[in-house]
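Input: one structure, supplied below.
Should a chain be cited, it is by its letter among A, B and C, assigned in written order, with residues numbered from 1 in that chain.
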Amino acid sequence: MDSQKLKSAIESLLFVSGEPMKLAKIAKICGVSKNEIIDEIERLNGEYQKEERGFSIIRKEDLVQLATNPLNSEFVNQLVSSELGSELSRSALEVLSIVGYRGPITRGQIETIRGVNCSYVLRSLMIKGLVERKETADIRGYLYEISFDFLKTLGVTCVQELPDWKNLSKNEKIQEILADSEPETAAEISSGGEKLPETVS
Amino acid sequence: MFSVQLEKFEGPLDLLLRLIEEQKLDITRLNLAKVADDYLEYIRANEGISLENLAEFVNIASRIILIKSQSILPTLEITAEEEKEIVDLEQQLKEYQKFKNAAEKIGEMRKKGDFSFSRDYLLGVAAAYSAPKNVNIFDLKKAFLKVVSEIVLPEKIPEESVREIVTLEEKIEELKKSLTQRVETSFQALSSSAKDKVEIIVAFLAMLEMVKQRLIDVEQNSLFEDIKILKAETSHV
Amino acid sequence: MDSQKLKSAIESLLFVSGEPMKLAKIAKICGVSKNEIIDEIERLNGEYQKEERGFSIIRKEDLVQLATNPLNSEFVNQLVSSELGSELSRSALEVLSIVGYRGPITRGQIETIRGVNCSYVLRSLMIKGLVERKETADIRGYLYEISFDFLKTLGVTCVQELPDWKNLSKNEKIQEILADSEPETAAEISSGGEKLPETVS
């Protein structure tokens, strides 16, 4: 692989990976030696600095990670605080209510109920700490539920205290649509897997 | 002869386009008439059509019958509304063909697998509890009720389509009735204005074609009497 | 802010956001006009392409998202699995094309073009996240449009890069048919025009 292509591949890999990547892993994926990766990464980082790009590569021994240029931290902080502090969208509120009345529940089931992909909404609810998830041992993958913090904010001790919970949590329409798409949901989980990363940290 | 018979088609346009493309024809009124028999035959056989799509197949069938009838009996009068329906169908098929071709190209692009990947939302940002303003338990209940109200259970689809079919069948009955009348008129007009026997024979053959199509039945009491044209007894469409 | 600094800030913001960002939001954070952002993003994307970088900026209407260069997908694929690449049925591809070239579009309009009910296909495309919908204030109900994820699975940066875009996106004849079939009222359906019934609402 020529230097240009290798640089491009490294950028793509570091961009997508949320966690620090082992040099050896990058080398293996690109089919070149670790030293070539080290050289290329140094060259890349030099370019980022010289051209004042928005990125910078952080290296600690055998691990590398793509991050933002510290000079832009003012803008980045503004973005993060506005995202975290933003009001709940209508779809966020809907997903939240499904997690409240039907949780613990899988992403696939939430999507079956709403008929819309929910991966982004769920992720934003988790980052805001309103929803938590736990891993199951079976094929269902992750189960989502309302966080303890959010319950406290709502002034209840458990979801069962949500208005009309007993009745609404057993809603027939929801039971029916979930039963209808049972095989479909199972297949999706086994073939696709969760798009969300392992950790939100 | 009828290789599409066993295939499952998603809709009438899908089927029509396939019949036309199979014979490497352009989408024209004349060519629609050519594939009319196959189209009607497919609906008669019926097996490949899902209940929820039957209404659409039947709806287009009424236009196909009209196109066919008109190609056999050019003197057949059709209303302005019917004419517009036929023109629209031609147009619709042409447009559908474009999107069908585009879908194929897009399928190939996806198969190539040159995907772009993005990062997850706020990846690397620490989760921090931020309570939403002005959301209480009753907002959650309200949102949940809205979610429930928007659920559409799949069973409803065929049920409502069946109701739709009933009205469409009535519509086709109507069409047949009016066709029969018009065929009768146009046969008489045709044969009375015919310059020679050849023209009468042509008109007669056209009528027989319609009999074959089960659109009309003919009745002749004795050899040289007038031929009566009747509505077909058996309705397949 | 000079062009170099602005470019850098945009890169950092898009990197952190991960999700599509509104042009207006970037403009607000950077304290410049929306047009300046548009210009800078076009310049950035040009650079990415010319220099064969690992990035690519995807744009849809007022939203932009940073993603990887599709030419690096063989490497990135080894790192993350995408659930978006699963094979689609012919009918799903047809609906996707219509939504792609003609969107935002109502379900009734899609059905006019295909001549067949599309509710099930649309639902599954929305659950997959390939199609999105937005609610309209008027009687048309939902408008469907293509998602960023769909554009990413084709490796294009905007809908205009779809094959034969010019020819398929605007067509007077189809506009006419669509105009005819709208609004969809009970009276029109029972009179038996070329409109197809809205069986699910």
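Quick note on the criterion: contacts are C-beta pairs under 8 Å (C-beta built on N, C-alpha and C of every residue); 3 or more make two chains touch, one makes a residue touch a chain.
Computed from a prediction, not measured in an experiment: that's the story for all the values here.
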Taking mean CA positions as centres, which chain lies farthest from chain A?
B
Taking each chain's centre as the mean of its C-alpha atoms, which one lies nearest the mean of all protein C-alpha atoms here?
C
Using mean C-alpha positions as chain centres, tell me how far chain B is from chain C in Å, no decimals.
30
Centroid of chain A to centroid of chain B, CA atoms only: how many Å?
45
Round to the nearest whole Å and give the separation of the Cα centres of chain A and chain C.
21
Provide the list of chain C residues touching at least two other chains, using ranges where the numbers run on.
15-17, 19, 66, 68-69, 71, 76, 80
On chain B, where are the residues touching two or more other chains?
117-125, 152, 154
Chain B to chain A touching residues, read off their complex:
117-141, 143-148, 150-154
Touching chain C in the complex: which residues of chain B?
10-14, 52-53, 55-56, 59-60, 85, 88-89, 91-92, 94-96, 98-100, 102-107, 109-110, 112-125, 152, 154, 156-157, 160-161, 164, 167-168, 171
Under the definition above, what is the set of chain A residues touching chain B in their complex?
12, 15-16, 18, 67, 80, 83-85, 87-88, 90, 93-94, 96-98, 100-101, 113-115, 120, 123-124, 126-130, 147, 149-150, 153-156, 161-164, 168, 171, 173-174, 176-177, 180, 195-197, 200-201
List the residues on chain A that touch chain C in their complex, please.
4-5, 7-17, 29-30, 51-55, 66, 68-69, 71-72, 75-76, 78-80, 82-83, 111-112, 115-117, 119-120, 188, 191-193, 195
